[in-house]
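First chain A sits with chain B, and in the next complex the same chain sits with chain C.
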Partner chain A sequence: MEKLSVEEVKHIAHLARIAVTEEEIEKYRVSLAKLFEMIDQIHLIEGYNDDMMFSPCEEEAILRKDEIGDMLKEDEVLLNAPHKNGKFIEVPVMLNE
Partner chain B sequence: MTKYEATIGIEVHVEVKSKSKFFSQAENRYGKSANSSCTVVDLGYPGTLPTVNSEVIQQGIRAAHLLHCSITKKMHFDRKNYFYPDNPKNYQITQNRTPIGTNGYVEIELNSVKKPIYIEEIHLEEDTCKSAHKGRFSLLDFNRAGVPLIEIVSKPCMHTQEEAVLYLEKLRETLFYGDISDCKIEEGSMRCDANVSIAKEGSNHLGTKCEIKNIGSIRNVGIAIQKEIERQTALLEKGETFQEQTRRFDDKLGDTVLMRVKETGNDYRYFPEPDIPFVILTEEQIKKAIETLPMGSDERRKLYLERGIHPKNVEKLLSNRTLSDYLNTYQDSDLDFVIASNLLLGDISSYLNRNFMELNDTKLTKEKFSDLISKISKGELSNQNAKDILEDVLEKELSVDEIMKERNIQNITDSSFVEKLISKVIMENEESVSDYHQGKDRAIKYLMGQVMKEAKGSINPKVANEKLIEMLNRK
Partner chain C sequence: MSKYIDLSILEIHALYKEKKLTPTMLLDEVFERIEKEKDLNCFITICKEEAYSDAKRLEQEEVRGLLWGIPIAIKDNIVTKNIRTTCASKMLEHFLPIYDATVIEKIKKEGLLIVGKMNMDEFAMGSTSETSYFGPPKNPWNLSFITGGSSGGSAACVAARITPLALGSDTGGSIRQPASYTGIVGMKPTYGRVSRYGLIAFASSLDQIGPMTRTVYENALLLNVIAGHDEKDLTSSTEPVEDFTAFIGKDVQHLKIGIPSYLVSDVVSDEVRCVFENVVSLLKENGNTVELVDISYLEQAVSLYQVIAMGEASSNLARFDGIRYGYRTDNANSVDELYEKTRSEGFGEEVKRRIMVGSSLLSSSKAKIYYDKALSIRDDMRSSFLQAFEKYDLLIAPTTTTKAYSLGQGLDDPLKSFMDDVLVIPANMAGLPALNLPAGFHEQLPIGIQIIGAPFKEATMYQLASFLEEKLALDLEGGVHHDEI
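Right after this comes the complex of A and B.
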C-alpha cells in the first residue's frame, strides 16, 4: 500500500474544512490510503456495475405531484439559527463568492 | 499584426416554473416575504429526504425537446459537495453524469446567415438560498433554496459578442414561450456566466479561460464579452500571460473586474445522490410533456408571417406575450391579422400603457374585437373612425354597431352618403374639375383631399377615390 502524499492529505483536509496537525497528517497518510484501498475492493465484487454505486435500490424513483404542502412558519425557520437579522438568517460575510 | 480569435462558451441557469420546489412541497414563487416559503428539506435538516417533483421532470423534458437535445431516459442525481452558507446541506443536488438533455442546439441568425449554436448538455438541479451582503454579515433567505433550475451549457462555439447575445435572446425566447421559465434576468430567474478565451487565429488550442459571472442583462453579456476580449488581446499583444480567473461584470464601470484567480480546479467530489433512486422516463411521459407545450416562438413567427404581418411587427408581437396569446385565440378564424396586429400594437397598446391596464381589464370581448377588425377590413369603418371609437370600444359594454350609432358614425360604404359628399365637392370646385378633364393629374389629388376633408376622415379613401373618378367621368 502506498501512503498518500502530504499535499493530498492537506487538500482533502481543506475540502472538508478541517484543520490538521503535522502528526495527524502523517496518521491520515496511512489511514486514508487504507480506506481508499477498501473502496477499490468494491470494484472486485462479482457482477459489479456502475448502477450499483449510483443507486442503492433497484426500485425507480416515485415522482411527487406538483402540489404545495405545509411549510414552516417564518419564526420556525429562524428557530435554530444562531444569529438572525429581521426575517433573515445572519452569517459572517461570505467573501469567496 | 497577429490576429486573435475569441472563443466563447456560455452557461445559463433558468428557474423552472412549477407550483412547488424541486425536492420539497414548499411554494416556488418569487417575491414572497423572506424565509416564508421553506420546509425542513430546503433548510437541509438532518434526516430529511428529498422527493422529486414530477412537473420539474416534465419541464426538463420540454426544455430538452425545445433545445433539440437527446433525452436521457435513465437518469440519476448527484451531490455536488461544497461548504458555503448558501447551502447548509453542504451539497447541491444536480445531475453530473446523466444530464436530462445532451447534444442540442439553437439556431441564430446573424446578418441573414443562420448558424446553429451547439449545446453540450442541459441538466436539472436545485437553486441555493439567496444571500445579501450587509457590512460584515450576509443575510440569508431560503425561499430560493430548492427552487428547480435548468442549467444550459453551450459548447465553446461562439466567437463574437453578437453571437453570444443572439444565442441568449433565442434561448430566452424559446424557454419563455415554452412556459419553462419566466427568464427574468432582473429577478434572477435567468442568470448567465460567460467563458471567454483568446487565441491566435487558426491556432489549434484555446487560450487561457476567464469566466465572467452573474451578468445582469443580455446587453451587458455583450459588453462584458467585448471588454474581456479587449483586455485579453491587449495582454497577449504585450506578450504577457495570465492565469485562469473568475471575473464579474461591474455595471457602473461597464467593465469586468477580478473576483478570484483559480489556483486549483474546483473539487466538488460529485457522487450519486443515494436518497433518490433512478428516474426512468417512459415514452408516454416524454410524449405527454411535449404535447402539452404551448405554441412556441418559431411557430408563432411562422404563423404571423403567413398571415401577412410585417416582419418588424412580428418581432414586436413576440416581445409582448399577452398580445401574441390574444391574437392566437383567432388563429382558426379568418380575422385579418395585419389589421388586428396593427391595432393591438398601436392604439390598443398605447391605451393600455397610458392607463396602466392589461387587455383583460378592458371591455373588449372576443366578438367585439373580431367585429371591429372585420368592419375595418371590409371598409365599413375607416382607420380614423376606428381610432375615434376605440376608447368607447375598450371602455363601454356596447357593441361596435351601438357605439357607431351613438357616435353618429355613418356606414362609410353607404354609397349615397359618399356620393352626396362628392357631389358637394364637385360643385364647389369647378376649376379643379375642369383641370381634371384637361388631364391635369394633380387635380384629382386635390379633389380627393377635399372629399376626405369634408368627410372628416370618416370614409374609406379607396372607396371614395373610386367613386370620385366614376362621378367625374360621368360629367
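Right after this comes the complex of A and C.
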C-alpha cells in the first residue's frame, strides 16, 4: 500500500473543511490510503448496468399541500446558537476577507 | 423476587388494566436498575424527571394500547424535544432539539415512557460504539467486551433488561450487529417503512430506525407503533401498515428459504457457523426447503457501502459548521478558520476520517468513477436480491462473522469497523428489511442469525423469527447481571 502524499491529505482535509496538524497528516497518510485501497476494489467489477440507484425508495415523490403551517419562533431558532447578540447569530468578521 | 419490569409486555398490560400496577411503580424499578447497571455506560442522558412526569399524566387516563406505560430507551441520534440529543459527539454535547422526531411523536402518543438517550458510536459511525465521545458502553454478558454498534447503548440496555424496548438506527447493520452481540431481537425495517424525520442523518439512502427488544413479539408490537407514511419524510412509504404480529405463532412448514452463499463463506468463524447450521437443520427438520443462492456483488458490498455511506455522510455532516448550533471553536479569526477548527475540534477521529474520504470521493475528479459506479452496481445488487425473492420466501444468514470481542481490540485498524459489518451491509444497500434473532452461544456470549425479507415483508419475517425463537428456547437472561431474580 502506498501512503498518500502530504499534499493529497491537505487537499482532502480542505475539501472536508477540517483543520489538520502535521502529526495528524502523517496518520491520515496511512489510514486514508488503507480506506482508498479497499474502496478501489469496486474497480474489479465490470459488466454492470448503467441505471443508478440513488435510493431504495421506488415511489413517486408526494408533495404536501402548499399551506402555511407552524413556523419556528425566534427564540427556538436562537436556542442552540453558540454565539448570539440580541436576536442575531454572531460570526467572525468576514467582509475584509 | 421477580420484578414487574421482567414480565412480558402482555403481563404488564394485564396488571395495568387490573390496576395492580402503575407506570410510576414500573419506572421505580427501571431507575433502580439504571443505577445498579451504571457500569454498562449505556445511557448518555437519563430522563428521570420527564419520565415520572409523563407517568403521572398517564395515570390520569384510562389504560390504552399494549405499549401504554411501557418504558423505552432511545438511541441518541433521534431528536427529542427539550431532551439533549448528542449523537455521542462533542459537536452536539449541549444540543437541545426544538422538535420531536416523528417516531418520538408516535411513541409519546401511544403512551410509552422515554427513560433516556442511549450511547452509540459518534454519529453512528462505527461497529463497536467505542467511537462515542462519552466512552464505550459495555456488553452485559461480559463487561470487558464490546456491545457492537452503532446502537450499542440501546442493545446493552435491553440485554441487561433495564427496559424491555429500545429504538436504534441501522445504516450498515447498526441495529442487527449489536443485537447479535448482546442477544436481543433487532429489526431494520424496509427502507421507507419508518419515517426518518428527526433522525440525525448519516447516510440518507441507507438509514432506517428500528425496534430493539427482548422478544420477537414485542419487536413487532413496537414496529406497529413507529411504522407508516410521514409527509415530513419524502422517502417514507405509503405502503399500508399491517399488523406485524399477525403471523406470529403460525406454523412454519413449507417455506422456501435461501442462504446467500457469500454470507456463509470463509468470512464466517467456526463458532458462528455452528450456530447457523443448527438453525438450518431445525428448519429442514420442520419441512422447510433451505438452499444456497447466489446474489451478485456481495463480495464487494463493503467497498460499495464505503463509497455511498461516506459520500452521503460528508454531505450530511457539512451542516456542522459552528454557526447555527453545536460546538464552536474559540480560536478562529475568519469564517474559514471557524469552519475548519470547529470541525477539527468537534468531531472525533472516525467521523473526521469518513468525512474526508467521502469529500474526496464526491469531488469532481472522482465522483463519476466512484460514486456513480457504486450507485449503478447497487442497482444491480438490489435487482439480484429481488430476483431471489421470486423463488424464495425469505433469506437467512449469520448476522456477524464472530461473537463479541474485547474492548479496544479493533481500534487501530480503520477497516475493522467495516469488516465487522460485512454480513449486514447488503440489506441496507438493497433497502430490504432484516432482523437479528439470537440463535445460540459460544463461550457464554450470544450469537445471532439474520432473516432478510423482500420489501415490506416484515410480518413473514416475524413469523419465521418467532417460530425459531420458540424452537430454540434460549435462556437469554444471562445478559442480566443484576442478581435479584
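A few notes on this one:
Please note the rule applied: the second predicted complex is superposed on the first by the 72 of 97 C-alpha atoms of A that agree within 3 Å, B and C clash if a C-alpha of one lies under 4 Å from a C-alpha of the other, contacts with A are read in each partner's own complex, and residues count from 1 in each chain.
Operating definition for what follows: contacts are C-beta pairs under 8 Å (C-beta built on N, C-alpha and C of every residue); 3 or more make two chains touch, one makes a residue touch a chain.
These numbers were taken from a predicted model, which means no experiment stands behind them.
When both complexes are overlaid on chain A, the residue A:Glu7 reaches neither chain B nor chain C.
In the overlay built on the shared chain, the residue A:Glu67 is in contact with chain B alone; chain C does not reach it.
Of the two partner chains placed by the overlay, only chain B lies in contact with A:Phe88; chain C stays clear of it.
In the superposition on chain A, no contact is made by A:Glu46 with either chain B or chain C.
Among chain B and chain C, the chain that touches a larger number of residues in chain A is C.
Shared-chain residue A:Phe36: touches chain C; no touch with chain B. Looking at the shared chain after the overlay, A:Leu79 reaches chain C, while chain B stays out of its contact range. With both structures placed on the common chain, the touch criterion links A:Tyr28 to chain C but leaves chain B unconnected. By the touch criterion stated above, A:Arg17 is placed in contact with chain B and with chain C alike. Shared contact residues on chain A (touching chain B in one structure, chain C in the other): 15, 17, 51, 53-57, 59, 61, 64, 72, 77, 83, 89, 91-94, 97.
Of all residues in chain C, only 94-96, 98, 190-192, 204-205, 231, 234-235, 237-238, 297, 300, 302-304, 306-307, 314, 318, 321-328, 332-341, 343-344, 347, 352-353, 355-361, 363, 370, 372-380, 382, 414-415, 418, 430-432, 455 touch chain A in the complex they form. Looking at the complex, you find that chain B touches chain A at residues 18-20, 24-27, 33-40, 43, 51-57, 76, 81, 83-86, 97, 131-142, 259-260, 267, 269, 272, 274, 276-280. Those residues of chain A that touch chain C in the complex are listed here as 12-13, 15-20, 28, 31-32, 34-36, 38-42, 44-45, 48-57, 59, 61-62, 64, 72, 76-77, 79-83, 89, 91-94, 97. Against chain B, the residues of chain A that register as touching in their complex are 11, 15, 17, 51, 53-57, 59-61, 63-72, 74, 77-78, 83, 85-94, 96-97.
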